[in-house]
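Here's a structure for you.
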Amino acid sequence: MSHEPCAIVGFGQTKHKKRRDDLSLPGLVREAAERALDDANMTWTDIEAVVIGKAPDPFEGVMMPELSLADALGAVGKPMMRVHTAGSVGGSTSIVASSLIMARRHKRVLTVAYEKQSEGNAQWGLAGGRSGGMGAGGIFAPWMQSYIRASGAPEHIGWKVAVKDRLNATKNPYAHLQLPDITIEKVRESPMLWAPIHFLESCPSSDGAAAMVLTDEEGGRAASKPPAWVLGTAMRSELGSFPGRDTVRPQAGVECAHMLYDAVGITNPREQIDVAELYVPFSWYEPMWLEGHDIAGPGEGWKMVDSGETELTGSFPVNPSGGVLSSNPIGASGMLRFGEAAQQVRGEAGEHQVPGAKVALAQAYGGAAQYFAMWIVSSELHPSLS
Amino acid sequence: MQCVLLGVVTELRATTHTIEFPYTRTLGPVIGPFLTGLRDRRILGIRAGDRVLVPPLEYDPENGNSLEPDFVEVGPAGTVTSWAWISKPTRKHPLDRPFAFALIKLDGADTALVHAVDTGSMDAVHTGLRVTARWRDERKGRIDDIECFVPEGDGT
Amino acid sequence: MTDTADTDTVQGDEPVTMMEYFMSLRYSDVVSPPVMRFRDALLEGRLIAQQCPICKLVYVPPKGYCPIDTIELDERNEIQLADRGTVTNFTVVTPVQYYGQKETEPFVRASILLDPPGGMLILQDVVDVPIDEVRPGMRVEAVWAPKDERDVDEIGNRSGSALDGSLRGFRPTGEPDTPADAFSDKVW
Amino acid sequence: MAALKDVAIIGYAQARNERRAQATEVQFLFPVINEALEMSKIPRREIGFTCAGSCDYLSGQTFAFVMNLEAVGAWPPISESHVEMDGAWALYEAWVRLQHEDIDTALVFGSGKSSPGPPAEIFPLQMDPYTLTPLGLDPVSIAAIQGRALLDAGKVTERQMAEIAARSRRDAMKNPYAQVTGDFDVDELLAQPYIAAPLRMHDIPPISDGACAVVLATAEKAREVCERPAWIRGIDHRIEAHQPGMRDLTTSVSTRLAGDAAGARSAPIEVAELSATFTHQEPILCEALGLGDDVAINPSGGALAANPVMAVGLARIAEAAKQIVEGGHGRTVGHATSGMCLQQNLVCVLESD
């Protein structure tokens, strides 16, 4: 493709918590944005455009918040856009921001995604303010049961994912949940929310923000720290409900992955990708997305989990940051995946760094598992894909 | 309600629903002191270079740089710089009788605050009018701890 | 006056660190023609849907279009549905408390594949059976409210298949279960 | 920045605006998208990227925008995104996406029903949550404050505002999509009572349910299917500070910046479709874009004749394109705005071959 290469030269995130009572809404997005600017060795005035993303506005009760946050993000006199694609929004916002660089529209773009769920109530928001809300887990649970039946996965797989992600989170100071003594038994004993999902294998509700500074090739080369290069991006959507829709392996997810692999030149994702940050708000989505994006074959996803392949020290680490299971400010979660993937290939992931990671995949999904946003980043603009 | 649809007059039915929630907003290092001030009958601005911003912001709107929490008390009196006469207030408006929404540049401030001005009639409000804050008896740290502004000299 | 939730006034010297804002918005949504016809049928104890002439998919409640073939549908595409069928999938929701939540006990929400000519009702309540006995394959039939008690006023454009004003839920018929492969692709 | 790669508008359609549509947003969006695609001669399955603009708060339904996918027919899956903004920003995102050259067509739409919820109660949520929302500051009140500031500055008179209203609704009589039309006498309008002084009923936009769809194509594809494409010569958008008391409400700096970057002043404009939702905003936008008396303003009647929030800005760009594709004009401009008192503005300069 003849578009401009896009580099991630700065990443920042807030300390995610149930309630950040020390911050205002502008303060929350600025904490992440200022950290990204510092990481990029830039200030607000270096930025040419701002792209902000978040999930439904009723979560905080502020309509079209880019308007009241414009000057808080240094956007006065600049272009600013607000993206919203439900749960995948953090990912699609990152892609829309990278699209501005690739189109040679801007040289330095700040992108931010956030949610401050403690201002309102996420379950109330997801229920549209009505009684009897299913919760996201209630919608996804039957699909997980279908996956379990079809794949023959033993019931402990979900618990194993929950333990893995929570222990990874203890190596991520920004992660909301810090549960160093979590065990499979504790997950199994925790109350059942929606069969098969127990309390300790479903995501928390968090206040949090993520931010990235993206530049063109020149900016990437001149960056004070090694950048992450965007090798490819893909977004795919499908109808949420129609008779006969495959909700367990949504076609939009399969196509999104293959469009991305083709664009990047990946023929064997399991071998050629060193680490993945996948949107796993409920444990069973790790095996389901490993298969749903053809990283593992049918019925193989849960075996990758069971064999420890997706552990931090495994051959295909998934969610070394602790993932959505450990921090879930919904609007930011997608960008946390996209940014953590960048940090891995920049060698900036700290305690949860996957040694020698050169090619990383990030994925976010939203709605009734019908919106998909994915990107692959690398430490080199033209890596030799082993 | 009637609606002609393809020549067939049909009675329009509607379903109603209410979205309600008691949001609890955390305030941070600048908005917190501002609302604390209002509770204590003081209006605070923040210094941004040689300007005093009201309402105070955590950053300079021109460039986004953070501002030190260097607060300056302003008002309670000020000057109306623009206004609108609201003849039929909604249930969300600060007053339930006709009033003026106005931009008010408080004494000591360089930017104008939006608030309600109660002059009783449209004829009594004009750009340049001197007004002062009328505080609620029961205040809880919110912008409407100021019930409204009234012409200077009226009982506050 | 603004309808602020009255909390006691915060008087005294400790700093204010939280502000309440009670949002309350009233919406009135005109019921669209296909949903009006769906409501009228419910009052007569009938379930109607629209079937797309191209892909033959059955949409209940009727939408006024087929999103697959992007063509508009109307009364001419209406079909009468059976009010018995098979549970293809379900979940038991343990209600989380939030403002406005009225549910306190775990409740079932099931996908019901209706007998021919078909149609899928999602998020239905399964009644007259202990929750732990609900299973995919279970044969069920509609539990209609008595004719004079049926109320469709709450059924709007976005009620989806929430029909509890007239169709209270589905109960087991006692027939033998339908084998899984008859509905494996009809879970949602 | 001037256009990087040539992209043209080759198809457009609007819904007939209504005060209270009986159809749902998806039901009236459906034929609009079909009509725009038909005009563009691009088969639905060939569209490379789809971008939508809408706002859930309008209809009071979280994730309402997900339903709109059904009007697009997102099966088999499509490459798509959504902005919680006017469809004009969805057009901008699609225009940027088309610069990457891996696709050559895009479908863009904006839609919204403003009738279900009272705008005066919903739109205060668009303001600063700490200092403005609790006062219930609504669009008409803040626009009236802007109107007063303009009157005080001598930049407009109440008579000029009435003339703008009369001209817009008279022109709208020729626009099949318009909602409020008619031949109104300026003196009779000025005799009406104030709604929110200095604004009278004629200064204020109607409440409308509506939608607009536009099809974009890169140069080669556009020439292949369209005799007289409307080329996007320049497109840019800027935003200003939020607090009304911290910006000059009588000018539009962001429209000026966006207009200059889009090349609005680099050659004469023949027709301008501006999102002046209140009469007094038209002179502000004309000043910012350098539009003189020789420029035809809002021949469609503009937002004063129909104001389908989330589609009204995209509809201005569609009308500006129509003036080229069907009206024979050579250079037109479409403008969209977001937020209260023109806080954020987008300018799109269109040209014929």
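A few comments on the model shown:
So that you can tell them apart, the chains are marked A, B, C and D in the order they are listed, and the count of residues begins at 1 in each.
Methods note: contacts are C-beta pairs under 8 Å (C-beta built on N, C-alpha and C of every residue); 3 or more make two chains touch, one makes a residue touch a chain.
Given the structure is predicted, the values throughout are model-derived calculations rather than measurements.
When every pair of chains is scored by its C-beta contact pairs, the maximum goes to A-D.
The distance from the centre of chain A to the centre of chain D, each centre being the mean of the chain's C-alpha atoms, comes to 33 Å.
The geometric centre of chain B is 42 Å away from that of chain C, both derived from CA atoms.
A straight line joining the Cα centres of chain A and chain B is 38 Å long. Chain C and chain D have Cα centroids lying 36 Å from one another. Shown for chain C are the residues that touch two or more other chains, namely 2, 4, 17-19, 21, 23, 25-30, 33, 67-68, 99-100, 157. Residue positions of chain B touching 2 or more other chains, listed in rising order: 5, 10, 12, 17-21, 23-27, 31-32, 35, 57, 61-62, 91-94, 142, 144.
Contact with two or more other chains is made by residues 20, 22, 57, 60-61, 69-70, 73-75, 118, 121-122, 125, 128-130, 133-136, 241-242, 246 of chain D. Viewed as a network of touching protein chains, the structure reduces to a complete graph with every chain in contact with every other.
Across the complex, chain D meets chain B through its residues 20, 22, 60, 118, 120-121, 124, 128-132, 134-138, 141-142, 144-149, 152, 193-199, 241-246, 249. In the complex of the two chains, the chain B residues touching chain C come out as 5, 10, 12-27, 31-33, 35-36, 39, 91-96, 138-142, 144. Against chain C, the residues of chain A that register as touching in their complex are 21, 61, 121, 123-124, 127, 129-135, 138, 141-143, 145-146, 149-150, 191-195, 239, 241-248, 368. On the chain A side of its complex with chain D, the touching residues are 1-3, 24-25, 56-58, 60-64, 66-71, 75-86, 92, 95-96, 99-100, 102-105, 125-126, 128-129, 234-240, 242, 251-252, 255-256, 259, 367-368, 370.
Against chain B, the residues of chain C that register as touching in their complex are 1-5, 7, 9-11, 15-31, 33, 36, 99-100, 153-157, 159.
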